[in-house]
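Each of the next two complexes has subunit A plus one other chain: subunit B in the first, subunit C in the second.
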Partner chain A sequence: MIGGYLSQTFGYTLFMILAAVVLTLGAVVTVVCFALLAHHMLSSRRRQYRAALVARAIKLLAPVVATGGDLDLAVADARRRVGDRAVAEVLRRARLELKGAVASQLSRLLSEMGETSRLAQEARSRRTWKRTAAIRGLGECGGDQACNYLITAAQDPQPAVRRAARDALLSDRREESVRAAVISFLDDVPKRSGWRREFYSRLASVASGALLDLTTSGKLEPREEKLALEALGDVRERRAIPHARARLSAEDAELRATAVRVLGKLGDIESEQSMVRLLDDPESFVRSTAARAIEAIPAQASTLDALGKRLTDPVWWVRANAAHTLAHKGEDGAQILVEIMEGSDRYAQQISISALTHVNFSRAIQERLEQLLPRFSSDPETGAMLALLRTAQGAAQ
Partner chain B sequence: MKNGNGSQKNCIVIAEDDDLTGELIEAVAARPGRQVLRANDGEAALRLIREHQPQLVVLDLFIPIRGGMEVLRLARKEGDPKRPRVLVLSAQGQLGTEEEARRSGADDFLAKPFIPGELAARIDRLLGKEAVQ
Partner chain C sequence: MIFENVLDIGQLVILIYFLALNSAYLSFTVIAFFDLVKYRRKLYRGDLRVVLTENAYRPISILVPAHNERETIVSNVRSLLALGYPEFEIIVINDGSTDDTVDVLRQAFGLFLVPAATRVAIKSKPFKAVYRSLDHPSLVVVDKENGGKSDALNAGLNVASYPLYCSIDADSLLESDAVLRVARAFAEDERIVAAGGIVRVLNGSVVSEGRVVEAQSPGRPMLLAQALEYIRGFLTGRTALARLNSLMIISGAFGIFRKDAVIAAGGYRRDTVCEDMELIVRLHRRSRERKEPGKVIFVPDPICWTQIPSDWRSLLRQRDRWQRGLLESLWMHRRMFLNPRYGSAGLIAMPYYTLFEAIGPLVEAFGYLFIVALWLLGRLETEFAVLFFLFAILYDIVLTVGALILDDLLFRRYSRTFDLARMIAGSFMAYLGYRQILAFQRSLSFVTVFIKRRKWEKVKRQAISPAPVRMQEAGGR
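And now, the complex of A and B:
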């Protein structure tokens, strides 16, 4: 019907041309679809075949790698049975999981079987993704030969390749590799803060001494120093304590906040008074960080009193963190929270009740709360919170 | 053979989703007279722990379905006299994780990458001691 309408409207010849075009396009699309389907099936089978080879290589090599058997012999046998690619993949993955003499032995074997050279060849590719993948592979191989390529790759024009090279150099862990990674990082500090944070975190985990040197070198801007110091705190690097103490009086408020958080993580008891001073910092986020950091150190009575004063801070976060820390300071902290409930500051009362909800406290405190309940008859919201707290404690006991 | 605390003596459950790492740990842990069982996820690990009451669990923290930390907490449930000893394996640079794991009841913590001999020594040490009552 449509054909008849079209042939009447546009003429028979034009209709035939249109029909031929449509049929040809249909045929081309069908052929492309079949080609894609065939390609998918073939590559899927190839992947399955490859995975099966890797699984066999794992069974052949893992027991020898783990028990320190004759690895050269095992590798030669596995190469005959499952091929170089599968063996190389298993050795690279094993090297990432292991350290010590066995890791060095795996690097040597990868170099001897030509895997390092193959990846080095791929690392010269014009395609960025291929170079990046090859660099990651070289990082997995480790050893001197791979390390030399990685140092060169750390100066690659593409940021993704440089980043992969730095990561690989850090996983190598040797002093010269770590140094090359740090130099490359300082030459072009990534714009993304997530990448920078990740670099400091990795550096802290593999060579905290190198990160400490970098942090104290004065080469880092405050925003970088903050990230580096945080990473040192995360790996509990106690040698960072003197530097963190010095930064408690830094001009940059974020650096002060980071320093107090790190000292808390490191449980630096000697910094208690300095941390207490930061409870009066002009910046609210520094006060709130200090209030939370004190939780990690055994605090004196005067420190608890200073935290108690922060329960009436104009900023909610400071009040909340002070209440949280007091609630986790045992009976003395709980007493201060109950005392504030006897006052008239409604916000301080509510934050204190909220903090006490997360801890168990003594019978004496519970009795004082019972006595307080009638005071809140005119404030149903706070009264309800207190009643809930009483019920929760009753259930816990 | 049952232990004093009811767990199966020399039975080890390895909870690790990576096939190669699992195989490496299994090879390190295997000794004559030891039963080594493998689980690829947290759910399977808990099932093996319930069924076999192992003396030791070697636990990777990043496993699917139920995370390692959850498995650890359930395996070390307070009041359970048959609770196994737990050796946690996790990537280096996550020292906060080590603290959390130890707080949750891990008996030992080993960072990856590890030395096979060190892992073997820790397994031997944990199997040598009776589980904490």
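And now, the complex of A and C:
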């Protein structure tokens, strides 16, 4: 027996050691549990007290901020009643939500009450997380004083701090701040595409002109230009149209696809023919993107015909997008889909039926579908889809 | 002599296993500590605001499989409709309920029939009807034939129109920014294919209008023990395993996935009792085999509240299903075991789940029986056994309290000290029968693993009313 063997070999020393370990562990558990409970009790009170101060500060300041009253007076009064910390917290939160003159006033007040200097002091900490937190705080404070610190922090050796500084500079929205953020970004483009996409997205929403300049500057590689163009499309920046049109013939296939998608988002009618040309692109994902992008612009009959041809594309996704767009082009598009159903391509038939299920169509189209039903008696799957479509349309009407 | 040797070997096996298991748990706690501290420091209120106000997010489909959920479905859908997320759709999949779940939904949300045909990316049982709501354009209700939870999720995947999807249980409540926090991770890192958030115990907490207004610990020891398992399992176990890119489970109660990755992997399998775990293992396997980026992460603070079984019968049934699901998943993907081709999933996750999660209860149950056998044979070194048993309990309590400390210092969910004290007491009480019963139950699952067929598992649930109410703790209703 191991227990017996150990006790015989080492006598009772082993048991004494084990007993000591158990007793120590028991003591540690007891002390830690009580310490945890004591900490919880004390810190809960502290948290509640701080939360109450912040709530009081909100009560004192929010009406003044909302009505445009004398904020200087209200802040001085609130500082006297609830202390600097709670007031600074409320002002920082408010500034995050506000723009224009009120935001500038809040920045000035935060600077005057020493909050900006306090955070700038913290931003010199040797600990990365502390610096990052301070930089975020400075971003919330805003104003000239904070921006100067942020521009310096955008060159910090730590990527997390640089990223926080860039975000804060973008939040500031002023031209020099945005420029500093862009320079910092170009100096050290993050490896994660998600971070890059987020930067372009933020830049597009705060200064789309700056992003447009960056996109057209030729400084960006195709993969970056793609993300930037995408962000411009998301904020519906119409000044990006000429550049996107030029990129429809780019060598990089992903850039072509992005350009056509962006033009679709921007509803650029004049690019219709160029978009139609991309329906014959050698890359299937460009064809499928073009087929989907055309949905957003009013299409001519020739465009619908070109889409109809894509219903027999060898790639499923191109067929699906072409059918989807045709289904959303009203009666003319639906006619083309029904004509395809009268053909012999089973895949094109099925994709056409599937696309039509997402839209309502006229009685005439429905009657043509009724006539088609017997043709699919030998193809149960397509026939079943068609029957389902007929039933669904009947129920919807 | 031979008999003595067998007894010696038995003791040695238990001792070595105990040391290995607890070393793994301790290292998990240490890894989780550093990871959670790092995560906490990274959190910033402005980040979520950016996701809400700019275009850095991806739209998401929320899949809610439901089977006989008439009691809770309306309030849960209402709480989901109030989610703070810029663009989402809710797809409730009624999996052949025998009660009036669909009628209840139809009345509550003014549903109307729409064309049922949809792209079939993954096979599922036929649809009976698809409904939409005029009041809530983002709500879709699919009524389909019964096929089990995985079949319902597959059907939901066919209907989902967004690139990410979130699967949640129909009896779960999500915090308003839970989806936002997890989805942000997807926006930041394109390699992520699946992400889970922490699931906490709803029983005992105060709920109003589909929201938890005050988190409280449950009062009954059996519920406390479960609540502690959730905290420890999620905060230390899953955080550490995710750090090692070895996370094999994302709770079916709340997980967000990249739809294209799941469809490419074939969706949810219908021949396993634990489809959520099997899917994650398959995603790991597929990404390694194809040399594609595929990360499964755990985000510790998005919270999903779930009702746990409040009677022993439901609890044992649930644990039986979990254990069988674990064994099935490990068996189906046994090829990954210690296979360097699968990286950390093959070299860390598979051995860990096999040796400690699957075989653990068997060794524990064997240990209890072994001690009883030694005592009956008069060969038990009583002092040694008692000390060893005390050491094992105290060590385990240290790890549990460690998880409670992490939870309290970093996320502070319980505002009353009384709740924390009750949780600490629960960690002691778990040794008074709870652990032993579960160990024997899970050992028994080994025997039944390939015999029982799967079916919807029902936990007795309390309806969630608009008025503030403390969630039930007593068994049944």
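What we mean here is this: the second predicted complex is superposed on the first by the 376 of 397 C-alpha atoms of A that agree within 3 Å, B and C clash if a C-alpha of one lies under 4 Å from a C-alpha of the other, contacts with A are read in each partner's own complex, and residues count from 1 in each chain.
As a convention for this text, a residue touches a chain if its C-beta (ideal position, glycine included) is under 8 Å from a C-beta of that chain, and two chains touch if they have at least 3 such contacts.
Small disclaimer: the values here were computed from a predicted structure and weren't measured.
Look at A:E198: by the touch rule set out above, it reaches subunit C but stays clear of subunit B. Of the two partner chains placed by the overlay, neither subunit B nor subunit C lies in contact with A:V315.
Within the superposed three-chain arrangement, the count of touched residues of subunit A is higher for C, of the candidates subunit B and subunit C. By the document's definition of touching, of the two partners only subunit C reaches A:V28; subunit B does not. Within the superposed three-chain model, A:A19 lies in touch with subunit C and out of touch with subunit B [touch as defined at top]. By the touch criterion defined above, A:I58 lies against subunit B but remains apart from subunit C after alignment on the C-alpha atoms of chain A.
Of the two partner chains placed by superposition, only subunit B is touched by A:V90; subunit C is not.
Applying the stated contact rule after C-alpha superposition, one finds that A:I183 touches neither subunit B nor subunit C. Of the two partner chains placed by superposition, A:A250 touches none, neither subunit B nor subunit C.
In the superposition on chain A, contact is made by A:G68 with subunit B only, not with subunit C. In the superposition on the C-alpha atoms of chain A, the part of subunit A touched by subunit B in one complex and by subunit C in the other spans residues 96, 201-202, 204-205, 234-235.
Contacts from subunit C toward subunit A in the complex involve residues 4, 7-8, 11-12, 15, 38, 41-42, 44, 46, 49-50, 53-56, 113-119, 186-190, 379, 381, 383-385, 387-388, 390-391, 394-395, 397-398, 401, 404-405, 408, 412, 414-415, 417, 420-421, 424. The residues of subunit A lying in touch with subunit C in their complex are 1-7, 15, 18-19, 21-22, 25-26, 28-29, 32-33, 36-37, 39-41, 44, 47, 96, 129, 132-133, 136, 139-140, 160, 164, 167, 171, 192-195, 197-198, 201-202, 204-205, 231, 234-235, 320, 353-354, 357-358, 385, 388-389, 392-393, 395-396. Interface residues of subunit A, counted against subunit B in their complex, comprise 55, 58-59, 62-63, 65-68, 90, 93-94, 96-100, 102-103, 201-202, 204-206, 234-236. Contacts from subunit B toward subunit A in the complex involve residues 18-21, 23-28, 92-96, 112-117.
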